[in-house]
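Listed after this line are the structures, all set down as structure tokens.
You will see two complexes here that share chain A, one where it goes with chain B and one where it goes with chain C.
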Partner chain A sequence: MQFSEQLIQYLLSGLSTGAIYALIGFGFAIIYNTTSIINFAQGEFVMLGGMLSVYFLSKLNFPLPLAILAAIPLATAGGAIFERLAIRPLKRATHLNLVIITIGGSILIRGLAMLIWGKDTHAMPTFSGDEPLNLAGATILPQHLWIFGITLLLIIGNKLFFNYSIAGKAMRACACNRKAASLVGIDVRRMVLYSFIISSAMGSMAGIIIAPLTMTSYDVGIMLGLKGFCAAIIGGMSSGFGTVIGGLLLGVLESLGAGLISSGYKDAIAFIILLLILFIRPQGLFKKVETERV
Partner chain B sequence: MNARFSRIIFIILSIVLSTVSAMAASPIKIGALFSITGPPSFLGEPERNTAQMVVAEINKAGGIKGRMLELVVYDSQGDATKAVQAATRLIKEDKVVAIIGPSTTGDTMAVIPIVEKAQIPMISCAAGIKITEPVKKWVFKTAQNDSLAVARIYEHLKKNKIGKVAILTVSDSFGSSGREQLKNQAANFGIQIVSDDTYGPKDTDMTSQLTKIRGSQAQVVICWGTNPGPAVIARNAKQLGLKLPLFMSHGVSSKKFIDLAGEAAEGIILPSGKVLVADLLPKTEKQKKSLLSFVKDYQNHFKAEGDHFGGHAWDAVMLLKGALEKGADTPAIIRDQLEKTHHFAGIGGIFSYSPEDHSGLTRDAFVLVEIKNKDWVLVK
Partner chain C sequence: MKRELLKFLIFAAILLCIPFLFKAGYLLNVLVFVGIHTMLAVGLNLLLGYAGQISLGHAAFFGLGAYISGILTATYAVNSWLAMMIAAIVVGIMAFVIGFPILKLKGHYLAMATLGLGIIIYITFNELVEVTGGPSGLSGIPNLSLGPLIFDSDQKNYFLIWIFTLATMLLSINLANSRIGRALRAIHDSEVAARVMGVNVRLLKVQIFTLSAAISAIAGSLYAHTMTFISPASFGFNFSIELLTMVVIGGLGSIYGSFLGAALLTLLPELLRAFQDYDIVIYGLLLILMTMFMPGGLVRGFPAILAVISSKKPERGKESA
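After this line comes the complex of A and B, so read on.
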């Protein structure tokens, strides 16, 4: 096999994993930008999306599209309830408190999922077949196209929402300055709730579109959440272009690292990048691209 | 009305009788230490279920020499510190005569100094070769050594004149122990490892590693891991159109793997304990009776398929039962009797312990199976 073909395969594999990281990273960024807390429970919504679809699909025998349509609102409701019960009641909590609460929340959600669905890994059928597609000597699955497509749509949708809708603009105002936003009549707490709803919906969608490839279990959220977090950090926690590039970059570097250097260092690569960025450019790689965030 | 009355009488009688028989002889206390929760719960849960099931069956049949067995189970959560605490408690407070478990090699290694000091026999359900090599006086084990599974695969490759393999192992204790064995034994079978890769236990995409393997000269791929990693690898291999035959470890020898890998599981060959293929085994097979009774009991009790992890606990309890039946009642005599176990046909294999060998199994403990039409077929 030609080296160039191998390289294309590494790139394609990396981009498809990277798209997932980007999608999860997006959830981190949205919540960070409206509340300036980092929601470490983000990975759990990814898990919820996948597990709920599997549950509807195999236990209640829903057809696939219906199972997905049922899973997303339920996981999203989970996000809203989490905000209501764990984040909102806290008066004058410091950011550190809130971050720790999200970690506690993630452990709780994971524990509940384990009790309800057990510890097994579950498989989910692909959306449109298992026949690999050939692309310049490399192969991808139709599911990868779904991943690219849905990620792209969600990112465009977000861009439109944050730039052109009143709620989106209000959420950005909260990110700039909470106090000023509330002075001009924006209900900051409602915006925080919105941000949780949007990010848990996105997380659950990410969980659903990758479940056919990676399978799902109660504890998939931990690693995916961390990788998404890396992506968001590389992108400087911007809810835009930066996180997407961050995710793709992370996926490609991991894949190239595993293929060309050693697969043993795959996760190390992600976390070394995370540390380097935090040390050298804590504002993210693409600060100039996104200057609205303060 | 009459039927109901007689049922009540029956219940009262049975309660009275059971207390009488319990008073007649104090129960024999056995400790059990499994990782029922935590990451290795896929081992500990079936082991606990099985141990409780076997003990219940033994008691139903009248116990051992008129004495009931009492099983005290603690959860180590796959955490060596908790395992040590629980073992100490079993010995000091519950005053058990023997311990079954722990489920993992890590937990077992941590507990060994305690049982050695307290002089309590322990039958571990973990696979690590370190547990019984070198031999520890009070420690036995039932799970097959990884080295036997590796030998079984290599033997098959040698027979088919395949010399170049790629290995892809998971970066946890199971995978690294397998990797070590794969590397150590390769030369004995004239096999050359041309590509040596690993993946993380939670990794979701292994196409990079497989692409690298495709570029190497390997004739087969041997993957060593537990679910879900190997299922992802099988699917990735299919996606890449990888033509190389795929071998897996006994870590995925359960129906679950076939469920997860789906179509991609077809044609994969792996070494497995005999429990999976119990009904396919020839009648001459010595273990067949034990295997079928284990499978049937497990099905009755838990409405689930008994796997070979549960089998490790079955073997441990039955080995202990064998020792107790020979009249052993103190820890020291139980140990001596265990060591004399000869040709006991259990689930994991045919056990023969000796002062030099506390793992007791040979290569025949494994059979090679191939996945065909979503089921197992014996590889001749």
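After this line comes the complex of A and C, so read on.
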């Protein structure tokens, strides 16, 4: 294989994992913007998406589309229950306590997944065959196209929801100023619940579309969650364009680094990029500098 | 200050008497780990509880201390005590250098950067196979010795570890009650106000980060010499989180709280071992419940609960000091 072909190959696989990171990053950003909580359990909903689909497919013999359609609401319900039981009862908790609670939640969900499905790694079939397609000299799997397509749809849907629906606008109002939002009659607590529902739904979909390429197990949520968090940080914690670019950038650089330098250091490369970006532009790549309010 | 010292001396005396009550065995071995974890938690608490700066990568400093000490003694036959000093100094210098850019960050950006740093170092432990032994670990690290006295039993290690841990606690209590401690708390409350009062915020944050990292490195070195075997698995992201949990559950800004947190989180998995695979679920659940119902940590939660029980009138919404 020629070097340029190889490069395109790395680029393609980087873009597809990058799209996944962006979707997970969206989840972080949506919850952060309505609640100012960093939800460390976000990665577990990604895991739940993949594991539930595999469970419905192989144990209950559902056809693939049905398995996916069953997995998403279930993982989303998990997010809603988590918000109801662990986040809502806390009214005056400090940020650090909330972080610890989401970490506790992530340990709990991971532990339950391990008890129910065991420690094995599970494979999931691709959505439409394994026949690679030729594209500009490089081969691309149909699953990559599914990833790009679904990610694009989700991003557009997200944009439409936040810009044009009443609930979306209300959630943006909460992000701006919670007190002011509640004064104009917005039910802030319901918006927090919505943000958890949307985030876990998006996370679980990300987990489902990536599972056929990378396999899935009870502990995939940790790394995927952290990388998604990376993407959101690079994008300046916005649920928009910045996070998409952040995720793609991370995915591509990581894939190039793994291919050209060393695959053992693949995860390290992602975090080195993150550190460099934070050192040079601490407020994320696309945000203007904010002065601290005293 | 005198009362503080008396409190500390009673605490130290109780801890140093324990080995005479339980001669040897399993419990003493667990208590050695409680000591190492207390030292780490106290170090992290200086940064998190006093200066208000989060670190999700402290396991990496602990690991660096262990590996530097382990490699120097096992591969290059350097004297153990010298290796421990080198480990503390090297990790301290590293933390000092990296502290300037990293501590410019705030809130979740700082959390993410320290987390990233921790993961990078963890991966390096795994990948530098020729130096560290890779995922299968590094063995043959000698026990520490003092003349003819070799620290090779649980009982001897107990005294070794707890003397270091108690010294760290005393140092931290003194630091917290000094001018520096007050400056740190000022940074915690408002960096701008602290700067206005003439505190060199940037330097002080880096200095406390350095001290915290060096304490972790010494704990790592002690860990390597008592275990005589180390592998990267002990120094990953999960352990950083566990340390953070010890500090928060024990009580932020309380040295004795760090001890309580470390003791609880070290003993709990041992107690839960009977539940086998269910232990991680129970652990996660306890973490959530304790943070929900004792937000100020054990050190503040217990007195509050006692007060409620003794007065029989639960006072809702009242902050416990």
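The rule is short, and it goes like this: the second predicted complex is superposed on the first by the 287 of 294 C-alpha atoms of A that agree within 3 Å, B and C clash if a C-alpha of one lies under 4 Å from a C-alpha of the other, contacts with A are read in each partner's own complex, and residues count from 1 in each chain.
Operating definition for what follows: a contact is a pair of C-beta atoms (placed from the backbone, for glycine too) under 8 Å apart; a residue touches a chain by one contact, two chains touch by 3 or more.
In this text, all values refer to a predicted model and were calculated from it rather than measured experimentally.
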**Request:** Have a look at where A:222 lands relative to chain B and chain C in the superposition and call it first, second, both or neither.
**Result:** both
**Request:** Report for A:17: first if it touches chain B alone, second if chain C alone, otherwise both or neither.
**Result:** first
**Message:** Per the contact definition in the header, classify A:76: touching chain B only (first), chain C only (second), both, or neither.
**Reply:** neither
**Request:** Could you tell me if A:121 is touching chain B, chain C, both of them or neither one (first, second, both, neither)?
**Result:** first
**Prompt:** Is A:214 touching the first partner chain B, the second partner chain C, both, or neither of them?
**Reply:** first
**Message:** For A:200 in the superposed arrangement: first (chain B), second (chain C), both or neither?
**Reply:** neither
**Prompt:** So, A:101: does it touch chain B (first), chain C (second), both, or neither?
**Reply:** second
**Request:** Using the touch definition from the top, say if A:267 reaches chain B (first), chain C (second), both or neither.
**Result:** both
**Message:** Just to be sure I read the superposition right, which of the two partners does A:35 touch: chain B = first, chain C = second, or both, or neither?
**Reply:** neither
**Where chain A meets both chain C and chain B, residue numbers** = 222, 262, 264, 267
**Request:** Using the touch rule from the top, collect the residues of chain C that touch chain A in their complex.
**Result:** 48, 54, 101-102, 104-105, 107-109, 111-113, 115-117, 119-120, 123-124, 126-127, 190-193, 237, 241, 244-245, 248-249, 252, 277-278, 280-281, 283-288, 291-292, 295
**chain C-touching residues of chain A, taken from the complex the two chains share** = 32, 38, 86, 89-90, 92-97, 99-101, 103-112, 114-115, 222, 226, 229-230, 233, 237, 262, 264-265, 267-268, 271-272, 274-275, 278-279, 282-283, 292, 294
**Request:** Using the touch definition up top, name the residues of chain B that touch chain A in the complex.
**Result:** 41-42, 45, 168, 171, 197-200, 202-205, 207-209, 211-212, 214-215, 227-228, 231-232, 235, 238-241, 256, 259-263
**Asked** How about chain A: which of its residues touch chain B in the complex?
**Response** 1, 3, 6, 9-10, 13-14, 16-17, 20, 119-123, 130, 132, 139-141, 210, 213-215, 217, 219-220, 222-224, 254-256, 258-259, 262-264, 266-267
